[in-house]
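Just so it is clear, A, B and C label the chains in written order, and each chain counts residues from 1 on its own.
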């Protein structure tokens, strides 16, 4: 009976504890700052919209077998290129008469997979190479940055093509190829930031505590580079999805009949004039997901920078 | 000081930092005027000196809030200006030398380029004129080897050189009011004297108004015309600078007594004992 | 206990026309337990001497000794337990993304000190900050509060030699008095050796027994504090400095 007000009271207590300006222990402080970060993110409407889009993407990907109305691979040539709102095919059908909605839903799995892998590999590799080059300087810098320049000099798709050609077609290889072509800009950003950081007194100060190079890079330089990288990665997401699509289009990424969004766009391009929705629907999906990443990334940057954070 | 010579009038200025649980008040309702004079602001660390300076230019970082009845510059209320109009005031009419000079300089641009850019923004000069002017400014703040410094990056400067470069840059647009936040704290006494006399000359010759924020009581007493003494966001006492050593408030006396003196060595220095009543006392209105 | 010394120390930066000889043939020695002051012109190489001693200056020649050990190349972690430094600019010497607690506990961890929590509390107490500041970020502190954190960090490994680069120039006089008293106490308790840079002659006079005056990379004079108090300087620059320290002289500019 009176459990409701009680939990409400203790929830308020918990909140007061979390928001305390004088935390009593390290764990208290960490939880408190996480909570304040969350409140800050929550107060940013657009970031919450981005978060919502991405959570929806994850949920759809997980529930794909349950929620999709039809088999994404089932062809029905008699039923091809049906427009939006057709009975039983809410988003219409493609050139082989497959249900677009179902393909879109299953495609979210692949998109998520590609995006997650690339987002894990490329920025981390770039961060590592860039901060190493910037911090070590000298010949290490020269060698690492020359390698980066070589990667940068090739157009992304051409390089990815070469990799895929060498590794064999398929989604995993496409992901690796895209990651390999995506890291150099991150390395450049990270290096530029490191160059301004490494001469600062606070880095000298940890050196005087006997900290080694790796520790300085990971614990002291990375936290300062990460926020600009996160923003950059979220801005690049659309490009990454499209690069995966491009590979798919050339027959080197996701293999047909896989419902990868990019591949769907390039398939639909053939009919763009008469049957615009076949390309537009997956295109809109890509756009929405990229937007979600962008909005969230922007909100995260504000949270990650304690200088602007609202806590005292 | 009669009213019509006032450059700046601040009325009931507050700076607050709201948090979710309470509000921290860094400046609590202070009022003062600035004429064509050298006005010193002294007080202990955290008493709100820098926040006062930044609030006048509306440069308080985001969670912070500035409120005031009026901050008027020539009768124009700065509180009512838009951010865009404010940008025209900053630098052109009121300049500020920040307490953290190196942070105010761009770390990836040479000193020379920064000064040249600042100068060309202000006066439509050719590159070579600006170059000559920049070297002249560096020399004016007694920097040795200005040619080298011109090509150097901020991290290659000593603490005092960074401070002098900031001062040089802030003086370029020829402001009517200069707010200098601890501008000479990293300078040795002889260079300090030179830098101060530059500011002094601007006040006396061009009628610039100077707000000089400092810890150094002896310096303020010798250099300024009037002093405001701040404690916990309020003004506890105002006096003529040359009478600072006769100040009455126990806080001011405490500050004076904690100074080490070259002539009379002591084992231990006196430490200020704070009285909670000082915090509550109303702000002194600066009516001179 | 250990003292330190430098013989014919040169430190330079850059090359070609941008080469600067920041420290030019400097020799001095500080006995164990003594307190040595460095004063002089801004940009004369005071900070650079301290940075060279701690191994932060890349190009140098001459000889530097701490205790009986000649310093060269990489310093060992034992060295950093013995020698610590407080940097000149409290706005630049604290990591912007680390809380006070993170900074101090990392330092303690790196020096292998146990019971980190109690030590952090004690350090904050020692510099007069208290636990309320423990989980703050540097941007939430005023200039003086930052410098106290920097001093706490330098005291953490309980060094024998402290190099202090203008430790109080960012502090107001009341905190300055507290910090100087703290430094005096620490020195008498643990017989520490200090090398202290300051442009405030009164502060150096209060803290140090011997004072070196620098100009343009060179030490022009080393004098006992008594001479400085009685204004007996041999070199012109020192005389000029002592004279300027008597306060700003008002001048009339006629405009």
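Of note:
Note that in this section contacts are C-beta pairs under 8 Å (C-beta built on N, C-alpha and C of every residue); 3 or more make two chains touch, one makes a residue touch a chain.
Model, not experiment: these values are computed from the prediction.
Under the stated contact rule, the graph of chain-to-chain touches is complete, every pair of chains being in contact.
Interface comparison, B-C versus A-C: the pair with the greater number of contacting C-beta pairs is B-C.
Our note on geometry: chain A versus chain B, Cα centroid distance of 46 Å, whole angstroms. Put simply, the C-alpha centre of chain B and that of chain C have 26 angstrom between them. Put simply, the C-alpha centre of chain A and that of chain C have 47 angstrom between them.
With touch defined as above, residues shared between interfaces to two or more other chains in chain C number as follows: 88-89, 92, 139. Shown for chain B are the residues in touch with two or more other chains, namely 61. Each of the following residues of chain A touches two or more other chains: 21, 200, 307, 312.
Across the interface of their complex, chain C is touched by residues 21-23, 25-26, 29, 32-33, 200-202, 204-211, 219-220, 223-224, 306-307, 312 of chain A. Those residues of chain B lying in contact with chain A across their complex are 17, 19-22, 24, 61-63, 107-108, 155. Only residues 13-14, 17-18, 20, 39-43, 47-48, 88-89, 91-92, 139, 142-145, 166, 169-178, 180-181, 184, 199, 201-203, 205-206, 216, 228-229, 240-241, 244-245, 247-255 of chain C touch chain B when the two sit together in their complex. Taken together, the chain A residues at the contact with chain B in this complex read 16, 19-21, 36, 39, 192, 195-196, 199-200, 307-308, 310-312. Of all residues in chain B, only 42-47, 50, 61, 99-100, 102-103, 143-145, 148, 151-152, 156-161, 164, 182, 185-193, 196-197, 200-201, 204-207, 215-219, 222-223, 254-256, 258-263, 265-272 touch chain C in the complex they form.
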